[in-house]
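I have a structure here, written as structure tokens, and I will follow up with some questions on it.
Just so it is clear, A, B and C label the chains in written order, and each chain counts residues from 1 on its own.
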Amino acid sequence: MEELLKVNNVSMVFGGLRAVSNFSMEINKGELIGLIGPNGAGKTTAFNMLTGVYEPTEGTITFEGNLVNGKKPYQVTAMGMARTFQNIRLFSELSVIDNVKIAYNMHVQYSLPEAIWRFGRYFNEEEEITNKAMSLLKIFKLDGKADEQAKNLPYGEQRRLEIARAMATQPKLLLLDEPAAGMNPQETHELMEMIRWIRDEFKLSILLIEHDMSLVMNVCERIYVLEYGFCIANGVPEEIKNNKRVIEAYLGEEVS
Amino acid sequence: MNNIRKQDIMSLLGCFVLFAVMQLLIMFEIIGPFWELNIVLIGINIILSVSLNLINGYTGQFSIGHAGFLAVGAYTGAIITVKLGLPFELALIVGTLCAGLLGFLIGLPTLRLNGDYLAIATLGLGEIIRICILNIEYVGGASGLMGIPRETNFAWVFWVGIFVIFFIKNFINSAPGRSCLAIRENEIAAETMGIDTTKYKVMAFTIGAAFAGTAGVLFSHYFYIAHPASFTFMRSFDILTMVVLGGLGSMSGAITGAVLLTGISAFLAEYPEWRMVIYSITLIVLMLYRPQGLFGNKELSLKMFKLGGDNSGRTAEGK
Amino acid sequence: MDMGSFLHQFVQQLINGVSLGSIYALIALGYTMIYGIIKLINFAHGDIYMLGAYFGFVATTMLGLSFLPALVFAMAAAAVAGIVIERVAYRPMRNAPRIAILITAIGVSFFLEYGMILIATPQPRTFPAVFDATVYNVAGLVINSQQIVILGSALVLMAALTYIVNHTKAGKAMRAVSFDMDAAQLMGINIDKVISMTFALGSSLAAAAGVLVSIYYNSIDPLMGMMPGMKAFVAAVLGGIGIIPGAMLGGIIMGVVEAMVSGFFSSTFRDAAAFGILILILLYKPSGLLGKNIREKV
């Protein structure tokens, strides 16, 4: 299998606090990986290092062989990683379709004068962007609400829109930060079906942070477990389920 | 996409009609010199508020140093015509470019600041520009640069205003413009969507500053003089007030705000002692009743009256 | 300039700067307190300083009060004015967008300035000399008794404010509200009362500054608050807005910088220097000298 992301012994230190210590992970093309751990274990911090929000204090991160350390978030996105946020961060005053169109901006070819004077590539590309955005919305069953303000969508649909928006950047690796948070079981189930379908359809890799254990166990092929910033286990769901340290640290009676 | 182009042409046609009507009214002196002056002033203020709206309203960067760029335009324009004896058209271009360049140089370091800190930094920079001008003897120092020819007239202001409005409207309806909107909505998410936030913040700031410079050239070539006292932070507040009153992030709002406040000011000219008191009370009351501004961030369009139509700022003719 | 006279000039300007700076600090405190509580840049605050000067003028000329009673009168009257302004103009907008309240504050500022012009005419008035100005010569340095009074009064007021904020129940309530308004409300703190009190305290400090400055310059006019108000705001941001010691520090720095620039270069560049320092500091420390750099959590 081809390696996509390699995290090599990274640590993140805030003042005196080691939020993540010597964390290593690999993600191969087409894999669906889970990252779990109790609250405050450093999952989101790990995410933030991957996406350039924080620069790791130690260690290296490479994506397709290119170094991620020191890159700004928008550069990381351009390399082919896209993410969603634990606390939804939509462009809430803008329409649903504009939310998605903005994520295509990176790939826009037309120049500023072409935009202002509306000639050359402007019209064709705008049409293309709109069509692409619409078809993405259709996949996420949001096409009927394309012109609504994002803030007016119900919670579950906002979560879906965030994923749609991340997909519009055309990533090779999609990072989802607790996408099912606050969803009811029915919605969660649909979401998981969708995540798996996206992976197969778009042939990308997905890294998923999740609290809902059953969900991660069902959908992910491999799982990493963080506790107090340390990676205490990794492996296929069966292994994780039976790992003593994981059970002690996190699962407790949930999986007994 | 053809209907967008059709709309542009229709709007332009509307502008021609409006222009013809206004020009005739002025020619036959149905609009007297007092109101002609105020209409020119309204036009200049529209350019200012629309350009500040790009920075504050669309990109969400809180800038209150617009008077500084206005001053740069006013003075560089005057240097071109008065000191160098070159044509007014060139003055317009040079004034715009100089203000834009300065905007770029100022924006690059300061746009890292957030919210109120950016506000006070831009306010300070506006004042620094003014004080520097005040100390340059070449442009008249504290007594101002006098003897500027009156080259600006209604036609100039009208068409330059239309140009600026269309420029910014088209900018906002393009990928770079949407990037600016994204920054306003959520800077962190914007950056994660692959948007180089610094680049677009500086771009919006530069364009906004450049058009403030354009307004400055028009201003000094209408009132014969460029004086440091015209460009204090109070002037920046004036422009900010127009934008907020109209509704941040609304083209129709910025235009309406400029028309309304300049108009109120002109109407009150007959009562000089009460003028500012009434003006300030109007301001307070309007903000109390419409804290989101007259238009919110919506646009005036047929949509307001019936369903359908588009929401691009197609109110260039709202003069 | 040789070293001796340079040093002499430097110390002289330092004295002038600290006394001017203590005025900025007094005004900046009000800015910072109001910002700390309701996140409003109260652009009308400089005009409260002007109001204070006029109240002081009324107290000394019409009521014939001497310095201290006049100062207290001006502070009390300005406190009332501050409470009324907050009630009428800011309270109804507490849930409005912040920028809307800012515009309202600009409106209030215009109203106070031009309202005062309407009442008192735009002409400057001579502020009576409430005590004799004695000039002391210490080691060749010129120190004015008025400067001593200014500095002394400012120090006493700042000490009083620090005591109120840190050691009284009301001060604790203020700090709680500024930390988290909603939580404070849930803990049974009367927000409206705390905000009123903040405006009263801030306004009375500004009024004191107004009276002190008027005594020093002998002259008052309705637009006198514009520039000092702006400078004090700069001072508050410089120190880290919302932080009380920051406002004091910022005020003193502003005063000293201005005095130095006037003394060594040209007074025309004084204002530019003040703003220049602010921008340099912000670029280095984006939330002011004593401010904490809070990063938004992702």
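By our rule, a contact is a pair of C-beta atoms (placed from the backbone, for glycine too) under 8 Å apart; a residue touches a chain by one contact, two chains touch by 3 or more.
Bear in mind that the values here come from a model prediction, so they are computed numbers and not experimental data.
Undergrad: Chain with the smallest distance from its CA centroid to the overall CA centroid?
TA: Nearest to the common C-alpha centre lies chain B.
Undergrad: Counting only C-alpha atoms to place each centre, which chain is farthest from chain B?
TA: A
Undergrad: Roughly how many whole angstrom separate the Cα centroids of chain A and chain B?
TA: 41
Undergrad: How many Å are there between the centre of chain A and the centre of chain C, using C-alpha atoms for each centre?
TA: Centre separation, chain A to chain C: 49 Å.
Undergrad: Distance-wise, how many Å sit between the C-alpha centres of chain B and chain C, to the nearest whole number?
TA: Centres of chain B and chain C (C-alpha means) sit 32 Å apart.
Undergrad: Which positions in chain B are in touch with at least two other chains?
TA: Those would be 188.
Undergrad: Residues of chain A that touch two or more other chains: which are they?
TA: 53, 85
Undergrad: Would you please write down the residue numbers of chain C that are in contact with two or more other chains?
TA: Where chain C meets two or more other chains at a single residue, that happens at 298.
Undergrad: Touching chain A in the complex: which residues of chain B?
TA: For this pair, the touching residues of chain B are 1, 4-5, 8, 167, 170-171, 174-179, 181-182, 185-186, 188-197, 249, 297.
Undergrad: If we count contacts the way the header does, which residues on chain C are in touch with chain B in the complex?
TA: 35, 41, 43, 89, 92-93, 96-97, 99-104, 106-111, 113-115, 117-118, 226, 230, 233-234, 237, 241, 266, 268-269, 271-272, 275-276, 278-279, 282-283, 286-288, 296, 298
Undergrad: If you look only at chain B, which of its residues touch chain C in the complex?
TA: Contacts found on chain B: 62, 109-110, 112-114, 116-117, 119-121, 123-125, 127-128, 131-132, 134-135, 188, 233-234, 237, 240-241, 244-245, 248, 273-277, 279-281, 283-284, 287-288, 291-293.
Undergrad: Going by the contact rule at the top, pick out the chain A residues touching chain B in the complex.
TA: Listed in rising order, the residues are 51, 53, 72-74, 77-78, 82-83, 85, 89-94, 98, 101-106, 108, 110, 112, 115-118, 122-123, 126-127, 129, 165-166, 168-169.
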